[in-house]
Each structure stands twice: as structure tokens, then as C-alpha cells.
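The following blocks contain the structures, represented as C-alpha cells.
Below are two complexes that have subunit A in common, paired first with subunit B and then with subunit C.
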Partner chain A sequence: MTTELLNTLYVQTQGTELRLEEDSLRIRVPEQEGRRIVPLRRLDAIVVYGHVTLSSELIARCARDARSITWMSRGGRFEGRLDGAVRGNVLLRHAQHQAHDDAAVRIAIARNVVAAKVRNSRWVILRAARDAKGAAQGAMRATAGELADALPEIAVAPDTDTLMGYEGDAARRHFAAVRHALRPAEGIPPFERRIRRPPTDPVNATLSFVYGLLRGLVHGAAEQIGLDPYVGYLHGIRPAKPALVLDLMEEFRAPLADRLVLTLLNRRQLRPEHFEHLPGGAVRLTEDGRTVVIQAWQEWRQRPWPHTLAGRDVPAGLLPVMQARLLARHLRGDLPAYLPWIAS
Partner chain B sequence: MDLLLTYDVDTTSPEGARRLRRVAKLCEGYGLRVQQSVFEIVADEADLLRLLAAIDDIINADRDSVRVYRLPHHGLSDVHTRGTARPQPHRGDLVV
Partner chain C sequence: MATESPGRGGEGPLPQVPLSALEHYAYCPRQSGLILLEDAFEDDAATVRGTLLHQRVDTPGSRGRGAVRTLHALPVFNDALGLVGVCDAVELHADGRVLPVEHKSGRYLPDGPADVQAAGQAMCLEAMFGRAVEEAAVYSAADRRRHIVVVDQVLRDRVTGLTAEVRRMLTASALPAPVADKRCRRCSMADSCMPRVLADDRRFRQALSDLFHPEPLPEHS
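Take a look at the complex of A and B:
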């Protein structure tokens, strides 16, 4: 008999109420007439973002049936999770740790992570090159070519240190090309190179902030699937470093974060007054600036992207969950490799 | 497997109205309501047996009628609709 794949219910509309009635789940969305009724037995997980009310009967029933409930902040940060008495993802986490200790499995995942990062960076650069002219366009196309040339080396990289070298090299080329795609407003200095801890110019400050949003999203996705966020393959293990989150983030950085930053600056949605200069040279977004970015991020999260493996479009905000699930399936042995998401 | 369930419950008595409500509640726990007394259901064999047993416990066999059709493989994703009818998301994740 074929086992049916059960659905996950994601609730992101603020103020929504979820209630249990016999074996069905009633959803009432504010300012929407009527209610939706979903059979509980078709769901194996509920994920709620921000202000959503769940009746205590529903929570208790999910606990009894081992149906997970995950609470996320409105911005996508992981807050907490209910898993019921019978489950617990100890087997998945055990598989995750074993894969980390198996050099062959580890390097295979790490190679795919870096290759996807480079491919997605190349996609972003080629998209930006379409709108550029003259020398800038030539420079961006040349970078895209160099990135393509690096892919065969990545595919045979012998260890993670070498891979990290390729990764750093690709990132440097990527940001050098991004420089040509930026047309920021008057008063914002041109982007020279990526500077972190602390960012010392507006473009770097925005990049850092959006990476933070993306990281929250990916961390939440890893927790939601039941993976240990601190055991990664490219980034290894270090205290207080969510290595798996950093691994899963790589494929999303350019298409989901860098492109949003490009849009916000090129459309003049972020202007000089949205940044403040701190003593010591650091630059950060003001509260107004953060509001602009977060609001844009909320919309950006809804944007559908094609996902080849799923065979349908997936909202940006759910891509990390899909990818964490694919990684979990690889670690459990259901998929022969980790298949990263490739932007298209 | 994909199922289509329709029912007609005799509501001329208060007892019948009660049966109608119980049948509706039961079906809401198994599938999605697409018309007043029509449900589209995705279930496995065990769920179908459970559903049929629960229906037998509720209805009055002399007055009510329930029909469950087994559709071809993934039949619910191949539905022609007109008017206000919409295809239902039986297999995808639900986003509200």
C-alpha cells in the first residue's frame, strides 16, 4: 500500500484562530467570511507565525497524536515546538551526527552546498547583467563565466578546507560583480567589498541585516524538521555556531538576500536617512530603515519560486523548510544525495 | 485513494436533523466539503473502513442514504469545475 504524504498547515495571517471540533480543524481568518475546515487526519504538522490563536483542546489533541506544532515569530524566527509523547526526532539527529563523522558523506553534502551557492550567485549576476550596460555588463558576464569554471573543481574538492577556499573565492567574485549592479541613491557611497563585524557602510549594513533575517528563517526551518542546527557539514562543529543553518543558508544568500538588498537600494526605498553612523566607524540601519527592510522582507517571503524537485512553485519563505526536509530525507537514507535548491 | 462521498439524510424529524449534523461533522474529519452534502476525501483503506463503520453507527438505514465512490488514481486532481466550484488542495501544504 502506498503511504500518503501528509500535509503541513502554515498559518501566517495575523489574528487567525484555530479550533478543534471532533476530528476537524476549524480555521477562522479575521476579515474573511466563513471558515475553513480541514480534516485533522490529513495534517502531520502545524506551523504558526506570530499572532495566531490555537485552542488548548487542539494543542492537547496534537500532542496526543504526535502531530507537531511549531511556533515562529512573525519574522520567521524559531520560538518553540510541540512534538507529542511518542515521537522525538532522536533517530534523525543520530543520523545527522553519523553523517558528520563519515568523511565521504560529509564532503558530498558540503560540495553540493557550495556548488549550489555558486550556481545561484551566477544566476543573480546574470539577471543583473541583463539590466546593465557597457563595461558593467561585460564585467558581470565575465564573473559569471569564472564562477561556471569553478564548478568542476568544487565537484572534486578533496576536503572541506579546500571547499571553504573555493567558497570564499566565489563570494569575493560575487560581491565584486554585485558592485556593478548597484545604483544607490545620492549620498550612499558605492559598494566596494563585503565588510562584516561591523559593517562600515550602508550597503554592508543592509546585507548584514538581511542575512540575519534569512538566518532566522533557515534556523527555524532546521528546528521545525527536527535537525540539530549546530551540526553542519561544510561548516563543521564549533561551540555556539549553528553550522547546519550556515550550510543550508548558502544556496539562498544570493537569490533571496542579495537580490532583495539590490532592489531596496536601486529602487531608492533605502536612502541615506535610513542609516546612522556609530562612533568607531560602524554603520547600521535606523529604526525606520529596519522597518522598510522588514516590510519588504515580509512581502519577499511570499514570492513564489520554481522548485524543480517539488514540481511546483514554492513561496520563498518555505524554501528553507523544503530544503531541510530534503536534507533529512538524505540523512535517513531515502534520497541518495542532498539536492540543493537551484534558482531559476 | 481518492473518494467522493455524498449523502442524503432525512430531516423531517428533529432526530433526522441530529443525524445530518453528525454525518456532516464526521465527514469534515475525513475530507473537504465541496458542496452542501458532497465531500472529497483522500484516505487509505483503514480510514475508509473506519469512516464506513462510523456512518453505519449514525444513519437510519431505512431513511438515509450515503454513497461513497472510489475514484481512479488521483482522480480528485482531475476535476472539471464550473461556476463557484474550485479544485481543492488535497495533497499540497496548506498556507493560510
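Take a look at the complex of A and C:
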């Protein structure tokens, strides 16, 4: 199945072949008569899932035109991305590395990142509590209180290990409260806790898939601004880990990803038939299920959110670019701190 | 975290200043900083129009027209000043006059940034052709006419002064502060520059201190 939405082409059918033909993209889907041609200028980005082949001419052309290509695993895990030549902002990347080596600068950025994650988690939980009743509401409001209580400690955390401890703690509380925000549905077992690689229940499978979409978005924003996606502050430097992308994702996880997952499940847009159970216990979205999520994600990306510093509303899809820019302005010495985005 | 570049220690030639940077710097120092130091270049309608226009002019070569030969996209330089660039068009007149013609998509503003760029071109051509260039021209596509710029001593001093300022900025690798005034409205760099955010220090500090102090729980919902 190929889905073209908002100038992004999503290709999910296994075995699909994409090649360049003049200024167009030719799509051949196995066991399907005929072929589809899409003019390249209509596309800003291509996202492929699993076994999809792209001709090297197509890849090179996309690199030249700065049209991004994102590779996801069949199940929706982010694998890699192409954005064309690195933007030449060497001073920014140099400042980014220097900030990483400066313990005081590094911890200050990391504290703000964790505080924003906690604040935005609290916001999502309080929103969910408004629609809940009785014990569920009480539990969510209690979690919101605990999350707020953690902030003063985060503000003075001495190092990133300590911060990671607070972060993990907040994430556990967050997901425990998310359980109360999910309406029971037949065929979807209640959410117990966050399980990654591989998810073993529908809620976790959806969470993982949406995090993959979010990560692609944030990674693209970092590249666009000219930041090195692999040098982070909270997440440090680790081989093959885009630490800066993970840092910037923290503030967006609850409001942009978790909230969409809650909506899709609570509104029954995702139903038991959208999930497949693999031998050994792993659960993943079916191709139809992924299409439901991708379509919802593309609408979700257009939703405007208030942004205090910008003094106006910013569509969800552009928030990561805005934040990557604010970080760049801090790293280049224009702003005294990195100020994450707080949902409201 | 501004970066200090190592001292030059007097070796080598002056860091070269692009002619186009003079115009940008004259408009707003930060604008030229964003282009030269941060490699930022954001297309907006004005710059795209400018590019289309330049494509027409930028075909290297010459076309004869009566007593005037016109060279297009001519690379120019002045080593004494440390200036380099490309002229949209240079007219070589039969009487020996050399006239640079800079093409602009927008309106012409007397004594504006375009004059500085045109004068810089004239000063390069003087050094290259070994003869005085007392006039330059700015062709405005919006006005559909050519404006003559007299390259007098005042303008020459402006060129030398701005060249030195751009060179200082390049050497220090520090971005100038935003002007944050009505210039920003017509500036294609506004997105990456963020002049409003930077200028509104009070709002930034307030948001920063709010980060760790969320509004209390609503009493009842």
C-alpha cells in the first residue's frame, strides 16, 4: 500500500519497487497490474517500511534536491534517514560539541529537557483526568501532583545520571496514569506498562509505532537546522544513538505521541483487527492498522499549539523545527538557556 | 557559545570579504552574519525572484551592442581591500569608461545598501582595469530603470569601513545582535534569526523561571 499525504509518500507494501523516471517516481507494487507515476516535485519526503527497494538514481536525486528519505522497519521502528548534504553550519556544530564538553552547560540543557518532559506529561494526564471519574480521576490527579513535586529536585540535579533516574521515574508514573486514561475495549487487553522491543500488546505496539513517526520528524528538524543529531546533552554520546534527537523528543512524547495513541484507541479508530500477534508473543500493527495511524498522524501534525516564546500558534509538525532553532540560538550564544516547549 | 577562531598571526592574505556581504551588512549586520557564519539562506519570494532575475543576467560571456560591450557574471576582486565578488554586468564603453551594473529585483533606495555594493564593484574594477571608475549603476526591476551611483569619497569610505567591519565579524565568528525593528519584516532570514524572541528578554526569562514552577492543580474539574 502506498499512501501519499501532505507531500509525504509512505510505502508499506513489502516488495514495492521505487525508481526514478525522468523527473518522476515510478512505483511498482508486486502482484499488482500496472504502475503508478508520481511527479517528484509533488513530494517533500518519502518514508518506507521494511522491504522496499529504491533505485540508487532515485536516492541520489532525493539527496540532491534535499528531499528526505526515511527508512523504518516493517513494524515501524526508525532505522535511518537521508537528508542530502549536511548544511554547512560548522560553527553551530562546533558549539554543539563544545557545549557537550562543558559540564555546566550540558547539565543545564539536560535539566530543562527533563523538566519539560515532566511538565508535558503532567499536562496530558491532567487533560485525561478532566474526562475521567472516581478512582481513575483521583489516581491521575495524584500522579500530576507527584510529577510537580519532582521538579524542584530536577532543577538542582547534579549530573545526567541523576537526571536519568528522575526521567525514568517520571516515565513510570506517567505510564501508570495512562492506564487510567484508556477506556476498556473488547479485544484490547488493558495497558500494564511500557514495553519496548518488541512490544507484546496493542497499546505498546501503537506507542512504538508513533514514537517512530515522531522520531523521524524530530530527526529531520535537527538536520534541517544544521545540528548534529548524534551529540546530545541528556543522552550524551553513544555510537549509533541519535542522542540529540532523543533529547529533543522528550518534550514532545506525551502531548504529541501518547495523546494521539490515547485518542486512536479511545475513539476505536484502532480495533483488535488492526493488530497481529506474532509467534513468540510480539504484537504489531497490521498494514491497515499502520495506515490508520499514518493518516491520523498527518492530520495531527497540522494541529496548531500555542507557543509562548513565538507568541503565536505553531503547527505540531513544525514545533520540532522551532525548538531545534531555539537550541541553536542558545548554542550560538544568543539565548542564555535552552527553553523547551511547554504544552498548554 | 560563540567560538573564537585562532589568531591569524599576520600570515597570509586578508580574509576575503564577499561584495554581497557589504550590502547585507549595510542592511543589518546580523543578516550578513547569518549568511556568512551560519550558512543560512532562506528563500522567500523576494530572493527567489532575485535568483530568477540573476539567472537571466548571470550567463557568462559578452554581447556587443554598438559602442558598448557588456560582460556578464564577471568575477571581480581587489586584493588591497580584500574584496571579491561577481558583477551581474559590466559595460565597457568605447570611450574607455567601465560601468558596473548591479541588478536588483526590488525598488531602488537612494543611499541604500545597494549603493555600497555597486561602489565596491567599482573599486574592484578600478584595481583590475587600472583606471578610475567614478560611476556605477543599479538597475531596479521594480522601477524598470537604471539609477546612477556616483562613487565619491564618502561612498568609498563607507565601502572600506564596512569591509573592515565584515572582516572583524568573520574573524571573531560571533553573530551580531538582531536589530529587531521594521527591517525584520522584509528580511528573509527572520525565521532562523528569531529577532522577536531574542529582543523580548523579559518574556524569555519569565518562561525560563516558569519551567520548574507549573500552575497548581485545579481545585476541581
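To be clear about the criterion, the second predicted complex is superposed on the first by the 256 of 344 C-alpha atoms of A that agree within 3 Å, B and C clash if a C-alpha of one lies under 4 Å from a C-alpha of the other, contacts with A are read in each partner's own complex, and residues count from 1 in each chain.
Methods note: a contact is a pair of C-beta atoms (placed from the backbone, for glycine too) under 8 Å apart; a residue touches a chain by one contact, two chains touch by 3 or more.
Computed from a predicted model, the values in this text were never measured in an experiment.
Undergrad: Of the two partner chains, subunit B (first) and subunit C (second), which one does A:Leu40 touch, if any: first, second, both, or neither?
TA: A:Leu40 sits against subunit B, while subunit C stays out of touch.
Undergrad: Would you check which partner chain A:Gly145 touches, where first means subunit B only, second means subunit C only, and both and neither mean what they say?
TA: second
Undergrad: Does the superposition put A:Ala240 against subunit B (first), subunit C (second), both, or neither?
TA: neither
Undergrad: Would you check which partner chain A:Ile27 touches, where first means subunit B only, second means subunit C only, and both and neither mean what they say?
TA: Only subunit B; A:Ile27 stays clear of subunit C.
Undergrad: Touch test for A:Leu326: subunit B only (first), subunit C only (second), both, or neither?
TA: second
Undergrad: For A:Leu309, select first, second, both or neither according to whether it touches subunit B, subunit C, the two together, or no partner.
TA: Only subunit C; A:Leu309 stays clear of subunit B.
Undergrad: If you tally the residues of subunit A touched by each partner, is the higher count for subunit B or for subunit C?
TA: Counting contacted residues of subunit A, the larger count belongs to C.
Undergrad: Please name which positions on subunit A make contact with subunit B in the complex.
TA: Contacts found on subunit A: 1, 3-5, 7-13, 16, 21-24, 27, 29, 36-43, 312, 315, 318.
Undergrad: Which of the residues in subunit C come into contact with subunit A in the complex?
TA: These residues of subunit C touch subunit A: 1-3, 37-40, 173-175, 191-192, 194, 196-198, 200, 203-204, 207-208, 210-214, 216-218, 221.
Undergrad: Enumerate the contact residues on subunit A facing subunit C in the complex.
TA: The touching residues are 87-92, 94-95, 98-99, 102, 105, 112, 115-116, 119, 122, 126, 129-130, 137, 141, 144-145, 148, 151-152, 154-155, 225-226, 308-311, 325-326, 328-329, 331-337, 339-340, 342.
Undergrad: Looking at the complex, which residues from subunit B come into contact with subunit A?
TA: Result: residues 25-26, 28-33, 42, 44-45, 47, 89-96 of subunit B touch subunit A.
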